[in-house]
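Each of the two complexes below includes subunit A, the first together with subunit B, the second together with subunit C.
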Partner chain A sequence: MTTETVPATTAPATPKRGWVAWIRENLFNTWYNGLLTLILGGLTVAALWFAVRAVAGFDLTIIKTNLRLFMIGKFPASQLWRPWVSGALLAHAVGLGSGLVHSATRERAQKAGLPYIPSTVSDILSRFWPVMVLVVVILLLTETITPTIMVILVAGAGAGGSYLGRWLPSRLWGWVAVVALVIGGYMAMSAFGGVGWDAWGGLHLNLFLAVAGIAFAFPLGMLLALGRRSSLPVVRAMSVTYIEVVRGVPLIAILLFGAFAIGFLLPEGVRPSQVTRMLIAITAFEAAYIAEVIRGGLQAVPPGQTEASQALGLPPWKTMRLVVLPQALRATIPPMVGQFISLYKDTTLVAILGLTELLEASFIVNSQPGFLGKGLFLVTLAFAGLVFWVGSYTMSREARRLEKRLGVGER
Partner chain B sequence: MTAAPDVATRTPFWRDLRTLRVAAQLLAVVVVGSVIYYLWSNLMGNLRAAGLSTNFSFLTQPLGVDIAGSGAGPGTPIWRGLLVGVKNTFALVIVGIPILTVIGTLVGIGRLSTNWLVIRICTIYVELFRNLPPLLIIFFFFNAVVLRLPLLENSSNPMGLLVVNNRFIAVTGFTAQPGLGAYWVIMGVTLLISIWIWIQRTRRWERTGRPHQRVLWSGGLLGAVGLIAFLLLGGPIALSVPVLDGRALAGGFRGLGSYFAVLVALVLYTASHVAEIVRGSILAVPRGQTEAANALALSPFQRLRHILLPQAMRIAIPPTISQFLNFTKNTSLAIAIGYAEITRITFQTIGNAQPAPQLVALLMLCYLVFSLTISVVVNLLNRRLQYVTQ
Partner chain C sequence: MTQAGLYADATRAKGESIIEVIGVDKFFGDFQALKNVSINVGRQEVVVVIGPSGSGKSTLIRCINRLEKHDRGRIVVDGIELSDDVRSVHEVRRETGMVFQQFNLFPHLSVLDNITLAPRQVRHAPKAEAEEAGMQLLERVGIPEQARKFPGQLSGGQQQRVAIARSLAMKPKVMMFDEPTSALDPEMIKEVLDVMVELAKGGMTMMCITHEMGFARAVADRVVFMADGQIVEVGTPEHFFTNPVEARTKLFLSQIL
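Right, the complex of A and B next:
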């Protein structure tokens, strides 16, 4: 058998054409496309004109005076150092985590003898520019210099964590440090005379509910997914019933249950706060969706893997833990990010039950004495929308990127 | 090689897989059952302690609130109020799903257009709406659009066909005239005949290969009979133009402003998801199909209509069903702006000191029925459309 090496060819050189040719090809290639271009072009220009005029006419005072309410709710002014310390600790944790992932990937690539291309600063910029733009916009709306300094310090803590994570000799201890930092971030907010989550608000509450909801729902969802794939009919029936009932009703129904009915199910005297009840409801809701995500991952593992490990004499739980789950969970990362995005957007629903998260905050500021009846809803909703949009858009792009890199569905 | 196990040594029962399976299931039932029993006994105790009803007899008590635009007032029994809520939810679903399917399909195709501007506009629309919380979009359309419409006293009346103000929007509708019953009968019979002709033309085309022209035959018959019968019966259906007389509205179809806000917001939100599904499904049709269509010299429209869309539709249906279900569930967000759908009425009834656990259970049951109905209907359709493969 002879192998023939195909000489590296360069793509056929495309002749450089002027913009007239480009317009003819991309806007006026047929008569109906030309017509469409003219109509839509006119509408677009008009829409842009109105949008620019509306945005230019925005009176941003309402956002400037309420920025703190939007970000962290009604946090006591004397305790403001806490969110910053917590933010720095969490940024350090995230940085450390990404550094550890980086070093693990590098090591694996070296072992396999493959080239490892670390992501460059321009990569990071092109991936996260919306978030950076948002941070700059928010900082432009602040009235003192303190937040800018603090944001730089928090970003520094993140970058430091990432650098540390790359060169840490023991990755296990690195992950222990990540967990410790996350707990520290929570303690910095609440412990020693701080403010517990019952009094949190603003964007901070949205992020907390989304992260904690996913984190608490994950183990439950895993149990439900394994239950649904179990060979025991009773266990399977119970899992399927739970998953399908929860997936058949809207989140708001479960939140109503959390707000008004959970109290009835608990013994006398046990009455969790509203935020806790919302968290319970969100966890119960998310567990069903995460179960379906994990089930999808489990189904993506070829049955040959289970059979092979049985042939090697592994007991069922070891087959699951060492062979099936690691492969299944890899495939679940992109849909899990998707689930997180939809939960992040859905945390706005707690507004209906009276919690001052970002959307509710952007709503109630319109009834403050200075702004009542001025019709500034468009301004405040645009601000809240920008914040949600940036987070969701960036994460969905990351999910798509991960999907490509993990090669889900391609192997 | 190990020796064959001694036949005499039987597996002890605690290691017998059959026993273990039964034991594990018994354990699961006992654990779940005792948790449920514990919660149930708490529930009953707490309801009694709070002096609330422990069954569903409260449903005959008065509602206590007024439901705008429905005729249900404070004296209406609760169950009637809940039914009004179901009807209002249904009004959102039945109008919303067809519209969002059309918009989603058009935008999804638009993202694959050859026109640069069309691609850009569709992409911006999809990325904008997909990444915003639906509740925020509803707030936007209600607070920044509907509430800014003119007051009832100076409603705007564009072209005489609409009445627009910040309370409601009335569009031109139809009213029955004498002879409508006969007209329905005639049209029903004609419809059956034209379906029969359609099938006959299709069979003939399959047999002989001559052009079927079934749209011309069936549609032509339907149109011709419809027109002649309409004229002979002296116009059994008339346009009904909404007219505002002082504060009272006569004629037309009227929808509350909050209804349109929720409808537009959720249709745009869900259509952006459907557009992504449609685009993905068209891209998932093998490239050879496009190339073959080009080789047969089909026009771009023919290629889309006869080659790409029929195949893409089969891929798109299951995820689109789940978007329809999401739309149905998201109508519950109308609670935030006070549109009286089922969730809103449940919420208000709970606020009137009625027992929350039963009401929330009823609410969940309603949505389960909605979800099940939609998925059964669309799944039946799906089964008909899928290829039968060996």
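Right, the complex of A and C next:
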């Protein structure tokens, strides 16, 4: 019975009918649905028309002349080689890291006799096309050939790292190299007569604050999450209080607190710089959210896992480190990426304290003598918005991909 | 304590005992899960615990390795009395292996890593040595070819056999089983029971909650029947399946046999 009824309702599917029938069935099946279709369709077409006309009419001179400000802020022109070297080192580190992960996954899969499908060039293209398109668009806006050559070199460093990471005999040394490259990437910007992070700006500052914020907030958040589950009442109460207080306050309030209160509390000599204060405030804020994400992951691990580990005689900290945390953290990767996306966008808030990050830069260029009063806000804001959207969208797609892979993987 | 008078010989193990449970009470809030429970298990003895769900049999064996903390009475395992001192808990857990109904294998570790985790982390065995011992255990439970796979790739019966091997890797003096075949498909029950029978014949001390009466008949030295948090009747399998005395026991046996 059921074997006959199921295909009967689903099998004569849409491909046979053609799009006219599909439109009739889905968009004009009743008179009010037809009316709604016409109204919403008209609005959509009108919106697209205005958007295309506006973009086509954009005078992109303001972006062309200020591209460097948007990307790296007021970085001294004589030091411009530094961001490129730094970018190449970091791209190499990221490539190497992904290659190492790839090689570890491949080894595990092969030992376990699971199928292993390496990602192809077209996979990479379909995953990262928004970023690639954005990079091409930005390169088209540049006036010299240098940035294009540099981008190709940086991309090459990334691809080379990925290849190296896949075939490196020792993964441990590979990871040591990744750490060294990241430190090198930072040193290339600031060491030996370079520019410290207080003078950083543009998109580079947004990325730095987001990445460093997560990197510092992650261990702190993990401690808070473990503290919240601690059997010691004092530790638990302190963790809960911290998490709930911070989560109850807007980020901007914490940033203002960091900017002004720390300034008042500490004497001149030991007062940290503005960017450092922002980083402290962001870390303090993110830690509370990351703690909650990790707590969710810890709760997702069945209690039987802890019991089995205890029954084997593993002491509590080893049970946590070797049995519970690896499973919990794996479950937190997708929400952690979500947290990272919102932090990436929230870094624009440091603008209120006068730091020239990308959004702030896209405002202030409108007061430059050549562009003052021309009403080019739409152009610059659209550009900044596009840059943020591409980053966030790509990350959220990556998070969904990870979620799928982890879901079917090992549980 | 009716059975104390009637089967005084049956409440005590024949030889020297390795587990002593004396007058244990356990509460979950207001609910009393164990009421003045006393039982002992002798060295190399196989004790099967049966009873309806909620009778406290799981709680009893979970108290013996401190997954639950008993509220009153004494529990002594191989001369070590369980107390709030973490060292006593640690030592007792080293002496006892436990197999769970839901296997509770670590899904992020390969089969061999599941088995070698505790020997390496608790007994500080070198990797090569632990893996060699682990492979021998996998041979013993009949699935050496699965060593590099992950638990999620194995059938239920295979997973439970890995769980048994994982417990044995710590060389426990007592093995406790909490309904090891209840979560398995019928065709996989036998492969797990075969391993357990083999273990019992090899002289392992076992305390086993199960509803597999064939297993009880084949290897149990004594059967314990629990209901409502109390031990109702203790006796040899022969006594149990031919002439049980208590009405509660008769009712239960008539329902499951």
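Annotations
By our rule, the second predicted complex is superposed on the first by the 380 of 411 C-alpha atoms of A that agree within 3 Å, B and C clash if a C-alpha of one lies under 4 Å from a C-alpha of the other, contacts with A are read in each partner's own complex, and residues count from 1 in each chain.
Convention: a residue touches a chain if its C-beta (ideal position, glycine included) is under 8 Å from a C-beta of that chain, and two chains touch if they have at least 3 such contacts.
Computed from a predicted model, the values in this text were never measured in an experiment.
Of the two partner chains placed by superposition, only subunit C is touched by A:R330; subunit B is not.
Once the two complexes are overlaid on the shared chain, A:S392 sits against subunit B while remaining clear of subunit C.
Using the contact criterion defined above for the overlaid structures, shared-chain residue A:V235 touches subunit B, although it does not reach subunit C.
Once the two complexes are laid over each other on the shared chain, residue contacts for A:F70 go to neither subunit B nor subunit C. In the superposition on chain A, contact is made by A:L378 with subunit B only, not with subunit C.
Of the two partner chains, neither subunit B nor subunit C is touched by A:Y289.
For subunit A, the partner with contacts to more residues, out of subunit B and subunit C, is B. In the overlay built on the shared chain, the residue A:P250 is in contact with subunit B alone; subunit C does not reach it. Of the two partner chains placed by the overlay, neither subunit B nor subunit C lies in contact with A:F208. Across the two superposed structures, the residue set of subunit A contacted by subunit B and also by subunit C is empty. For subunit A in complex with subunit C, the touching residues are 108, 111-114, 302, 304-305, 307-315, 318, 322-323, 326-327, 330, 410-411. Of all the residues in subunit C, the ones that touch subunit A in their complex are 65-67, 90, 93-94, 96-98, 100, 102, 104-108, 110, 117-118, 121-122, 148-150, 152-153, 163, 166-167, 170.
Those residues of subunit A that touch subunit B in the shared complex are 26-27, 29, 33, 36-37, 40-41, 44, 231-235, 238, 245, 248-253, 256-257, 260-261, 263-268, 341, 345-346, 348-349, 351-352, 359, 363, 375, 377-378, 381, 384-385, 388-389, 392-393, 396.
The touching residues of subunit B, counted against subunit A in their complex, run 21, 24-25, 28-29, 32, 39, 42-43, 45-47, 49-50, 113-118, 121, 127-128, 130-136, 139-140, 143-144, 148, 325, 329-330, 332-333, 335-336, 343, 346-347, 350, 356-357, 360, 363-364, 367-368, 371-372.
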